[in-house]
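Look for chain A in each of the two complexes below; its partner is chain B in the first and chain C in the second.
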Partner chain A sequence: MTAQEVRLCGLLLREHFGEVVEKVGTHLLRGGAQNLRTIIHETGISLDLVKKSLCVLVQHGACVFSSGRKGPGSPTEYRTSCDRILRILRYPRYIYTAKTLYGDTGELIIEELLQRGHMTMSSTVKTVADRLTQNMEEGRCMDYSEVATAFAKLVETHFLQRCPPMVKAGTTGSATPATPATPGTPAAPVSTAPPTPESFPDCYKVPHMTLVGRGKRQLCSEEGEDQRNAKKARMDSQTHGDEGISWQVNFERFHLHFRDQAIISAVANKCDQTSSEILRTMLRMSEVTTSPTATCTKPLSANEIFRSLPTSYNIARPILDQYLTLLVDDPMEFVGKAGESGGGMYVVNLHTALANLARATLESVVQERFGSRSARIFRLLLRKRHLEQKQVEDFAMIPAKEAKDMLYTLLSQNLVQLQEIPKTPDFAPSRTFYLYTVNQLPTARMLLQNCYKTVANLIERRLFESKESKRLLEKSQRIEAILASLQASGAEPEQLTEVEEMITATEKQQLEALRLHINKLDSAENQVDESIFLIESYVTSTASTS
Partner chain B sequence: MAGRAGGRGRRMMSFSVEAVGINRGDSLPPSIQQPTPLFPVMEQKPLPLTGGEEAEYLLALKQEFRGAMKTLPFFIQPAAARRDVERYSDKYHSNEQTDGLTDWNPVWKKFPKELRVKKPSRDGVSAAVSCSDRLQSGQKKKKKKVKEKEEVLLKLETLQKKEEQQSSEEEEGEEKKKKQEEEEAEVEEEYDEEEFEEETDYIMSYFDNGEEFGGDSDENMDEAIY
Partner chain C sequence: MSEVKLKKETNILDVAELENRIKELCQQFPHGITDQVIQNDMPHLEPQQRAMAINKLLSLGQLDLLRNSSGLLYRMKDTQSNSKMKGSDNQEKLVYQVIEDAGNKGIWSRDIRFKSNLPLTEVNKILKNLESKKLIKAVKSVAASKKKVYMLYNLQPDRSVTGGAWYSDQDFESEFVEVLNQQCFKFLQSKAETARDSKQSPMVQRNSSFATSHEVWKYICELGISKVDLSMDDIETILNTLIYDGKVEMTIIAAKEGTVGSVDGQMKLYRGVNAVIQPTGLVRTPCGLCPVFDDCHEGGEISPSNCIYMTEWLDF
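Right after this comes the complex of A and B.
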């Protein structure tokens, strides 16, 4: 948990859950595992609010609780981690992916689950059906069964998973080894890390649910009616046979999907459309057989690939072989050859692909920040590993003075490091080699922190801009509300124009400029998140292999 | 410290100058006298953002999501700051804000016991969908009340059992009465909330002191959410 990550998590929590949850969340992030009393004492927030905040955090999976370290009797401890909260940045991308894969129904299911943390299948289906019915024309309703089939499809492809059943805090779970906690033992083994949802066999099993009906349309918009309807719905209290089974979004699966997409689009940019289609086929075939942390997919024979190509691509068998050979020979090393049987066995090198994509990101960062010649030096150092000052000038074909300048700028920004190789054990400066080098992994980590800082700055700037123009925004919202109510009650055009004129022209301009700025800042956040995803995947992939 | 006598002009550095490229006679760049500027001038301008349909859709999704989160019960407002002078209407306002968690009924099984928030119990029957204890006891209470009334009605029935026509009428009357009771219970609930709370004679909007006017316009979804 670096300072930048904590700052960004705090801002995200503030925007989505309010300032109280932000305080509690950042306190937990900075302080590690703590129990309730400590949190209350150190944050100075009232008991009720702290309880509510913890409930909200647990509901959304940002916080896990476990029995205390001192044994079963001690108070429960709460622990947060940055990763889950940083996912909030990526929510729009998840929702959009669900839309492209499963249409509007899928989109709304994912959106509801992201908003609520976790929900039972029946309540999700009902809410989504109601929302879809709202947007349909008069007289048409969304049937629950359609939404349920979309839900089942999402579960089948592992985009949704069951929440792991809680091990009751306070009981020595059968998972932990039965070592009696004697007072003498230092730090009795902490209960094993919270079980991943996938460790439970029923993780992807759709429960049998009895839910028949159609989405309800809310006809009147008055508050009183809504409350009465809501009360009636609550008093129905039907049980649908799936109580206690709540579902959450499986972020890992979405990440695998994004990774595949990134690889395919990289190949499409570098080679041509057909190669990317071949690669897409290969990845689709290995979706189920490859584990999330695998270095490469299982070997696929060229015959299988040929059979599984989409029918719209009528390429002949020898052409397919040529394409595969080209992909194997490509310096990007996305595809590797693993054998000769079955017409040639091919694998997709996932970790290598991620490393290459991260490297491309680093190179483009250097290029955009320091110019193309600095980028040339950077690429040179990446390929040649260690070079002396003189060699850099020669290989990069850049005059000595400028090369020196660029190298020092890169060095001061910590993108390039100096490695000393002594000739004598006393490291005397005149008798030591000084080599410039680039280490990809630490540089990637540093850039990742820069990305977090960037997003945090963007969010802060956006909040600042909104605060500056708060008065103006409120005024415009009030006028919109008045206009809407006038239009609903059917007023004459003169009244409408009169109300519209309450905002002066300069104010309109200001509002327009404000909206433009905020949209730009928001859009920039989304794009920085794409880089964050690539670099994060690369860093985690190296962590799992090492 | 001895080596840093200012103004001597001798430069001694811990690493060899030749190897790193500063040859004899080259002037070093001037030493820095003050912190670097807060917003240094950028030689390379950053690239423009990628536009396009997908980016705009993602932007809209993001802003809608943020707006939706603000309306959900998960958005916890801090306790309202105490006004400088206590107002009479504060007594009737405080209930509004604590309703956040009641809209959301968590499955308490999944939460540690100490996090359970006790709702202030109301006179009306609370109607929650999740199987919390309160719901079951509430339903039992309601069923008991209905059962008691049913028993009374049954007694009346048996007393008047001699005349079959009258008994059939009674049955219909029973059903009607049951419906009426349920409706009354529902209606009573609403009255409970609005008017019988705190035993005032005024409805709750009487105590509005105009602070929330125009604050939230939920109906208008066209306006972008910031």
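Right after this comes the complex of A and C.
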């Protein structure tokens, strides 16, 4: 993990969990696995606070603990990883995706789970139903069973998964991880990787849950329903049959979905809408059958694809064949042909697609930052691998002087590399070939770091902006509170306007500008996160294949 | 007495005839003839007489003596240049010959010096002389702007010297290239658009969006934006830059021999394509384009809080 990652993690932790957690978290990130005593000693935070912060981190899956490396009996050590903390950046996107796929209920379920780390199904369902009821019109409310169905659907599509059961240190439980005692099995291997949730057979099994009733309204004014309320109160104290099974959001599944979306939208841009719909169908068909790390999907026959196409597209069979041939012929190689049986077998080249998208991202960075001519040189080098300066000038048709300038600028920004090949062992410049080249993977890694820094900068700026207008914000909040209380007590309209006028016009303007700024920064953060996602998946996909 | 006179006369006649015959032979074989050829042609001739005739022709400057792997070669000297070289001394002739040999690639004055073994000042003087007589000309090479190469006055310089259609006065015409680049793209794009609007089956749509390099070439020629004549190769170089711009795709298909625009039974097809992705998120923020990105640290002289680029962007 790099300095940029740690900085970004720190900022994210501060924003979501406060400064103490940030301090503990970054300390753990920098120092690797540590036991409680060391953390307290080195951060200078009181035992109580450190325990609580660790609890928070563990609750959100950002921190794992295992028995010490020095053998049985040594204090429990805590470890945290950047990956999980950086996911916080993507929370809005997860929630938005859940909303588009499963409506408001799905959105709230994911939101609750993200905010609380992990929860049992029953409590999630209850909270979500209550929140939904809260926002509904008077007299209507959300049934628990409906939310439970949505929850089950999310589990079925693997967007949610069970938290891995606590094997080691199981006696302490997740709620009190800070007690540095009892390594569960004395013969535990010294440094086992934390078990992946998928390695448990029940990972996606919805437990039987006895939960009937409806969402409650906090200020429930329905008087005639005492009986049911009473029943519900009784229910709340009851057990629902799913205690001990907590659920978390399956980020990997979301990432697969994002990846598919990225590929689909790329095809829509490159070819046309219909091709993208065909690709969407192919990806949906292979969702279940293809493993997350596979380089390409399982082969699908044209017949199968035809049958699975939604009828609303109105694509005739010969047209589908033509589209598939076109997709195979496309130089981006999103779709490949795997055989002739069944009217032609087709696969989606997932990793190639990711590599192509990452390359397009790199090209777009060069294009926007250094102009289209530099981008021409960059693409040229990507295509032709190694070129001398003279060749670059000739191929790109750029005057020698400008080409030199661009190449050197790209070189100084590490987007282009220079390879020296001496004809004689003395490396005399006159007898050396200087070949320019682009290494996609290292360049992508570098851009990833730049992205992290950019997001950190944006967050920093956002914090700065809100700090600058702290007084103003507080004032407007105070006034809003006064207004609300006045309204509740049924004050005169004159009184209300009087209070409203406490904020001057300029102040209002400032507040408006601040709101705009914050929104802009927020959306920029999400946009950069999309770049991060593409590059990250490309880097991990190449790492897993090579 | 008269007999002797007659013999002498026939001898002289013979010599003149011999010279003419050799010249004829040389004209027949413009690449030059060997001793053997003359001998075969005139078997009755004595070697002495042959040598005399050749020597005379050589001294008159009508014949060139060349050496190749198989021995000596005689070649007819350009009578035209011969007349031009009237009043020049041997050194000048030598330099002229060196330059002539270089052909339309031209030759650098330093190389002339090495080949002719003359001192620098002498060579410079001769070159100036020849230039003023309009026998040779100096051409500036595009490869090195300071380097002048010399070639015969009536020759068209080679592409490697002038740089082809893209150079005028050894300056690269980047604007011209840009205009051609845009025009080619416009052509391909409009073709792709009409194909898309045709509402035909996808295969037909794709195929009709392709244009051969010959079509593009014809279009550019008819537009008349170019003062110089562009060849198909020139247009293909331009189309290649479009490929590197990521705007165009190329495929090669097999074509029937003799089809318009096919080269070696191949035809290059080009078509305009759309970009795969929108500008990526990173470059939509000021940080993605920031020139001082690496120097930016919180609490430093340049920091996100006091960043002027960010302020401008936010107020935009």
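The rule we apply is simple: the second predicted complex is superposed on the first by the 507 of 546 C-alpha atoms of A that agree within 3 Å, B and C clash if a C-alpha of one lies under 4 Å from a C-alpha of the other, contacts with A are read in each partner's own complex, and residues count from 1 in each chain.
Everything below uses one rule, namely that a contact is a pair of C-beta atoms (placed from the backbone, for glycine too) under 8 Å apart; a residue touches a chain by one contact, two chains touch by 3 or more.
What you see is a predicted model, and the numbers here were worked out from it, not measured in a lab.
*Asks:* Record, for the superposition on chain A, whether partners chain B and chain C clash or fit.
*Replies:* fit
*Asks:* Give one of first, second, both or neither to describe whether A:W247 is in contact with chain B, with chain C, with both, or with none.
*Replies:* neither
*Asks:* Using the touch definition from the top, say if A:Y346 reaches chain B (first), chain C (second), both or neither.
*Replies:* neither
*Asks:* So, does A:A524 touch the first partner chain B, the second partner chain C, both, or neither?
*Replies:* Once the two structures are laid over each other on A, A:A524 reaches both partners.
*Asks:* Mind telling me which of the two, chain B or chain C, contacts the most residues of chain A?
*Replies:* Touched residues of chain A are more numerous for B.
*Asks:* In the combined three-chain arrangement, what's the angle at chain A toward chain B and chain C (CA centres, steps of 10°)?
*Replies:* Roughly 150 degrees separate the directions to chain B and chain C.
*Asks:* According to the stated criteria, A:R379 is in contact with first (chain B), second (chain C), both, or neither; which is it?
*Replies:* In the superposed model, A:R379 contacts chain C only, not chain B.
*Asks:* Looking at A:E368 after the superposition, I want to know if it touches chain B, chain C, both of them or none. Which is it: first, second, both, neither?
*Replies:* both
*Asks:* In the overlay, answer first, second, both or neither for which of chain B and chain C A:S476 touches.
*Replies:* A:S476 contacts chain B only, not chain C.
*Asks:* Give one of first, second, both or neither to describe whether A:K453 is in contact with chain B, with chain C, with both, or with none.
*Replies:* second
*Asks:* Just checking: does A:A400 make contact with chain B only, chain C only, both, or neither of them? Give me first, second, both or neither.
*Replies:* It touches chain B and chain C both.
*Asks:* Just to confirm the value: shortest Cα separation between chain B and chain C in the superposed three-chain model, in whole Å.
*Replies:* It is 5 Å, taken between the nearest C-alpha atoms.
*Asks:* Counting contacts the way the document defines them, which residues of chain A are shared by the two interfaces, the one with chain B and the one with chain C?
*Replies:* Dual-contact residues (chain A): 368-369, 400, 520, 524, 526-527.
*Asks:* State the interface residues of chain C toward chain A in the complex, per the touch definition above.
*Replies:* 166, 172, 174, 177, 181, 196, 201-203, 206, 237-238, 240-241, 243-246, 249, 273-285, 287-289, 293, 296, 298, 303-305, 307, 310, 313-315
*Asks:* Write out the stretch or stretches of chain B touching chain A in their complex.
*Replies:* Residues 13-16, 18-21, 43-44, 46-47, 49-50, 54-55, 57-59, 61-63, 65-66, 68-69, 72, 74-79, 100-101, 106-107, 109-112, 114-117, 127-129, 131, 135, 186, 189-190, 214-215, 217, 219-220, 222-224, 226.
*Asks:* Name, in rising order, each residue of chain A that touches chain B in their complex.
*Replies:* Touching chain B: residues 15-21, 36, 46, 48-49, 51-56, 58-60, 65, 75-76, 91-93, 95-96, 111, 114-117, 123, 163, 166, 169, 221, 228, 231, 233-237, 239, 243-244, 246, 368-371, 388-389, 400, 404, 429-430, 432-434, 462, 466, 473-474, 476-478, 480-481, 484-485, 515, 518-520, 522-527 of chain A.
*Asks:* Under the stated contact criterion, what part of chain A meets chain C in this complex?
*Replies:* That would be residues 265-266, 269-270, 272, 274-275, 318-319, 322-323, 325-326, 331-332, 356-357, 360-361, 363-365, 367-369, 372, 375-377, 379-380, 383, 395-400, 402, 447, 450-451, 453-454, 456-458, 460-461, 464-465, 513, 516-517, 520-521, 524, 526-531, 534 of chain A.
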